[in-house]
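Look for chain A in each of the two complexes below; its partner is chain B in the first and chain C in the second.
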Partner chain A sequence: MESADLPGEDRREFLRRLAGTGAVVLGTGLLGYGLYDPEGPGPTQGNPPEESLTLPNYTMPEAGRRISIVYGEDRIRALQTAVTALGGIEAFIKKGDRVLIKVNAAFAMPPVLGATTHPDLVRETARLCLQAGASYVAVTDNPINDPSSCFALTGIGEAVRSAGAQLILPREKLFSSATLPGGSLIRNWPLLYEPLRGVNKLIGITPVKDHHRSGASMVLKNWYGFLGGRRNVFHQNIHELIKELALLIRPTLVVLDGTTTMMTNGPTGGSLSDLKRTHTLIAGTDPVAVDAFGATLLGRSPRDLPFLLKAEAAGAGTVDFESLQPLRTNLSG
Partner chain B sequence: MKKMQHGREPYISASVLLVLLLIAGGTAVKQARFDPSLFAPTSPEEGLPQSPLSSAPRDLPVPLPDGLVPMSPVETFTPETLSEKINGKAELYLSAGFRSLRSQRFMEKERSESWMELYLYDMGDLRNAFAVFTAQRREDAREVPLTPFAYETANALFFVHGRHYVEIVSAAEESPAVMAALAEGLVRQEPGREETLPELALFPSEHRVEGSWVLLAENVFGFEFMNRTFTAEYELPEGRITAFLSLRRDPEEARQLADGYVRFLLENGGKAVECADGLPGAHCITILDTLEMVFSSGRALAGVHQAEAFASATRVARSLYERIAGEAP
Partner chain C sequence: MRIVTARRISQFFFLVLFLWFCVVSSYGTQWRQLRGWPVNWFMELDPLLALGTVLTTRTLYSTLLWALATVLLTLVLGRFFCGWVCPFGTLHQFLGYVGKRRRDPSSAAAENAYRGAQRVKYYLLFFLLSAGAGSLAAWGIRTVFSHSILPALLAVGTLVLSVLVLFRFLGPRKKAAGLMLGALGFWTCLAFFFAVDRWIDGSLQTGLLDPIPLLYRSVNLAILPLLDSTSQRIHADQRFYYGAWVIGVIFLGALLLNLKTPRFYCRFLCPLGALMGFLSHFALWKIAKKSGDCNRCGLCETHCEGACNPSDTIRTHDCVLCMNCFDRCGRDLMTYAARPSVSGEITVPDLSRRGLLAAFAMGVALPPMVRLSGGTQANWNPHGIRPPGSLPEAEFLRRCTKCGQCMRICPTNIIQPAGWETGPEGLWTPVLNFRAGTSGCQLNCVACGLVCPTAAVRPITPDEKLGRNAYAAAGPIRLGTAFVDRGRCLPWAMDKPCIVCQEVCPVSPKAVFVRERFVAVRNGAMGVRRTEGFRVEIQGPALTPGRFSTGDFYLHVLEGPGRGLHRIAGNGTDALELDSGGPRETLPAPGAPIEIHVRLQQPQVDPERCIGCGICEHECPVSGLRAIRVTAENESRSKSRSFLL
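Then we have the complex of A and B:
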């Protein structure tokens, strides 16, 4: 009603401003629509590609490609025997070395359920490294569940402390974008990189488990715990991802614990009846060969686990573990 | 009025624009520094009817037995975040209609080393809960009279309670006595929720292996159009037989699905053979040295899957056929 009383100049001014405001609102809406990303942030967001990292190769060429297989119930003895068969820990760890141990602490579950690396193996491996003269031994993982709960409830945290090693919990600032040269999935993807910075030896320790998606979770799948971000998107292409992890992460030594094997309902299990006492521990420098042997504990072959064949074809190792002439020891015999 | 417009108004406008610019700049900076390693979307459980078991901000509303106390706050996971709890096993739940998971750890007050974790999966309905329950059934399962579908192992309890699939897992090698009390309290929380699954009553009971039910949610036997199919195992002297049954919307859908499955088998190397008498309209196909028998009767699609003992397979199929013909809606 008031507008009817406005002088002509004010009416024109009002209309002019109204049109201007409308244009601003419309422009803002169009700008927002143009910038709207219905798919959300992708893996390449974060550090720009030119800042993306590649990882060092932690293998020791002089150690060759070898594996040792030990049959026995006592994890610590089995580990000691397996490492001795490969030339002793001194063949891998030299005085002053800085060592990172990558465990599987994925779930906040007790050791008895076999879903995570057994703390006895963590403690003993760290002790062996320190005994061999390592100046620094750290243990890390980026678990699926809350990291603090995982390291506490799996017993790994206490094992690390009692061995005199360092525990590195994943935090935002420890991740950097990494790229696998030639890779199609691991491109500018957040990787738990800081714990790897400055170490010159990398050891992986993990249990043998059934895995609902990939068929098995062993040494190569354990490297998944180095990834950050929305890594579950990789579940749709899990075999290709594990192959890329096999090419990205080149460890010094790996230990696969088949003292008990999670035969069903992996990777979490939950019941003791998911586990089978298989009394086997494997150590080696060829992760693909170690996993290929580990598959036999699950009653599977590399043909059942496409990631193994892919990793072999990509040059990450061999599934023909017998060709490496494994050193076998039976502790119970 | 005019004076005001040409006086303070431009400054106010400029201030507003400046604030908007600062907000836009801040948003741009924050977006540019986005760290996908921290990206963990949490979405509310929209559209879910609420019940005492599905609305607990801090603790699960389960009456705790004497001596049991919460050890951790309740954790909630949605379809988008389930893999943050159970990693690769999430697919099993998601394909069966998963809605949400709430989990919480409890410990015995006097024995802190004795703790357990309760997983409360809301699967949307009884069938979905039954599907994930049967998919993970352990070989050494011992039935327990907690709900119609419940079993225990040395260290854990697994059961279906209405639309929920529940796991209680002990950290020790044996289940503490208080675990059963916790489960009973949870079931009492919403009594009378134990619906039935009519398909189960259609499987003949003779020779049926107790507790061998499985509900396959989708992609049944590799056939992408077949879903929601129950199977049961039969132990006969000549070998074990798997029978299957799925109630469809109407007889026409059951018949079309049966025909589609038969075509699928034939396209994948199967060979049609003559069926024994007493199974009108049934299809028999040999594939990889096993026998597949498929038929529809009313709304039911049923048959026998991958049988090595042909005579036993026919016996089970005929028994199933007669049962369905007499009982099926």
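Then we have the complex of A and C:
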């Protein structure tokens, strides 16, 4: 046999193979050992870890707790007047500030139906912020209807563009799991967090609307639009949820538009007959007080709205708006 | 420039154009989103789609007139579309090229040899068109029998002709002619006595294999959502399409077959290519060998895309004008000319009469047979909710080519390709699924009808959709009706407040309204120990602190002072704190029997107002099988499915 003639050759070949096979055997063994998991998945597997993303407080203590009420038909003038009464936009927005405006763009409906924040207010607010030296103004909401349709049809998208601000659509990747410290509902819940990160001022603008479940949809209810996930489960305990939102979201300034009020069929409306001319616009730094006044436009007492009482009890503001000595201006007079 | 270079530029251009149309078919305000781009242009150019709808509807709808240009050009030039324009063909050609790169020329040429199985596509074409031809036949029969004299004349005429044929008074092929005439007579007589047209009907099935709708469907529903899933540049968020994997597997399978045989789909399956094969019979210019000085080297066939045998008797009906033979021939023997090849040409596929008859019979029989399931009649599937503006079901099936454009454009992703919901005929036709997308059907949106190439979903205006202005008398378009499932609904079945459905109902006045009820909670009966201010201490089991503090719970005093309901602000283990706001009568006396009630608003649907938009179903917090669901009852496109008086 040839191999018998060449024992050296044979041995070398065997050693070569031995080295190769040995390396593969060793590698496979090590890989198996490295992947070995004697426990298997535990019961908590799949639950997100307890995260406590907390939001900064966007309020300006030096601006105080104040509200101003302007009576008039012209939203832009009313907004300017209301902000001036609070000390001017410069009292809230400093040079280089980064501002997020939270609108109510919940429904893909034209602005005339009053179901969403009026584009004039968005444009004017963004303009005022930029004029005061803000380096960045963004507008966002997580609407109920399709987001791009909502921003297109409500005119808010166009208003944002024309004012030179940024529109942020609520894409899935912009949400992060957040927890309200001490809260019982907002725990590890997806929050539209990315737009809030990196801004130092937050302004809420929303119309006054009838809302069958909570009683009224105004400034505090509008923070619902920061929530993601299947947030509708919270309707089971809506007053508590709105209270938690009031504690979670501490805005710099809020604007409540009661130029028209959706008296019936809220919060969608859908017909001009659902609206009533109430020609009032409220701005302020205490969202609870602003909402308490807004409730009167709906013909409701703040005492009828448990979420306001809860928010007040939790220290988010006062229902007794008169105690803040609101500055009232009448534009038509 | 070499002719094949020109061809490649053309193919590349049309492929890029097609992909561009897929990318821009997005609803939105950016410049690259729908801004009047003619995104359906390739379907408009598609003569198979045009012919299919002509058979089923006897009209050439709107922009499908473009197909006439393709037909006329094919009549003059041959199958230029396959080799120069068709984006699906371009993909096949490219992958076929990849597959044969390392092959030696003789095996490449062998793979490109003409095979009898290439006739399959012609039979498929016949089958698919026959499935639509039933509509035409039904119309013909109806037209004939709406006159009293015509059918009689026809019957007598066919009988006389049959007799003449049988007694050998007519020329050649008399046997076949006799059989045909006999059959015609038979059917005519049959139709004379029975209303056959009620069961003869067709549906448009060409879209199953027509490469253009197939490509639109595959790219838009299976490929783009995958490619876009990480960057999310085309869609705002991940898109979902039910059964997209089937569409995708068929698409990838068709492409991968090229690694074995180049242009497998085009050669063996493509019904559009088959149609153009017939049309190319009349072409002025055809590929041909110009002199007999050929040594049969086979170079012309190494890259022959159509497998049309250019080295010998060329089958011009299978020639896709790739011009590779032209380019490869070392002796410059091939030409594109207005005279036949010196080695002969076959311009019509050699199909067997039996095969054609079988394909025809299957095609004509299939839609009526499928409808024996009752899917278009009494046994219609209420889950087959069609997009707004859809035609009545039978007419819808005559037009929908399953291209998926409405599913692509729908901003909320609720338009989904049907599986078997609407029967085998309705495979991949659009149905609405309110769980899959991001909302329901948006009130002011009419995008699906505007993009539909065949008006299976009619191009409606928002006014027509919402029943405004000129359409006020007709009322809004209803897709179906929402039904509350009282066994699953939180306020109905679980004593939990909710009414999300009422909140989001977009019509005014709302179609979902609520009835208020106060219901005693489980273990909620107890007694009053004593009262102090607004605090009521209770006798009974210990309470969970805060459980009744949501603002939805009430103390119901059954007897004595303070009888009635008082809103609870909060509770400890043994005391309730009543709301200090609002008018308050006297509080209950110690010992008084009390119950804790929850205030429930229970949703009801007003069918007169419900338009079936499905926003309530989408938003319902019972996230699995929703507690309010839309089915197609009351849809405005078919009166027979209405339960309204």
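Keep this in mind: the second predicted complex is superposed on the first by the 281 of 333 C-alpha atoms of A that agree within 3 Å, B and C clash if a C-alpha of one lies under 4 Å from a C-alpha of the other, contacts with A are read in each partner's own complex, and residues count from 1 in each chain.
As a convention for this text, a residue touches a chain if its C-beta (ideal position, glycine included) is under 8 Å from a C-beta of that chain, and two chains touch if they have at least 3 such contacts.
All values reported here derive from a predicted model rather than from experimental measurement.
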item: Chain C versus chain B on the shared chain A, clash or fit after superposition; value: clash
item: Partner chain in contact with A:Gly229 - chain B first, chain C second, else both or neither; value: first
item: Touched partner set for A:Gly157, first chain B, second chain C, both or neither; value: second
item: Contacts of A:Thr268 with chain B and chain C, given as first, second, both or neither; value: both
item: Touched partner set for A:Pro190, first chain B, second chain C, both or neither; value: first
item: First, second, both or neither for A:Glu172, with chain B first and chain C second; value: both
item: First, second, both or neither for A:Ser149, with chain B first and chain C second; value: both
item: Touching partner for A:Ser301 - first (chain B), second (chain C), both, neither; value: second
item: Contacts of A:Val112 with chain B and chain C, given as first, second, both or neither; value: first
item: Segment of chain B that clashes with chain C, given the candidates 73-81, 271-279, 289-297 or 307-315; value: 73-81
item: Shared chain A surface residues [contacts with chain B and with chain C]; value: 107-110, 144-145, 149, 153, 172, 211-213, 230, 232, 235, 238, 264-265, 267-268, 270-271, 273-274
item: Chain B residues touching chain A - in the complex, by the definition given at the top; value: 34-40, 72, 83-92, 105, 117, 136, 138-141, 153-156, 158, 167, 169, 171-173
item: In the complex, chain C residues that touch chain A; value: 27-29, 232, 236-238, 411-412, 438-439, 442-445, 490, 496-500, 502-510, 514, 549-552, 567, 569, 579, 581-582, 601, 615, 619-621, 623
item: Touching residues on chain A, where the partner in the complex is chain B; value: 41-43, 45-46, 106-110, 112-113, 144-145, 149, 153, 172, 175, 189-190, 211-214, 217, 228-230, 232, 235, 238, 264-268, 270-274
item: Of chain A, residues touching chain C in the complex; value: 107-110, 144-149, 152-153, 157-158, 169, 171-173, 211-213, 230, 232-233, 235-240, 264-265, 267-271, 273-274, 301, 303-304, 306-307, 309-310
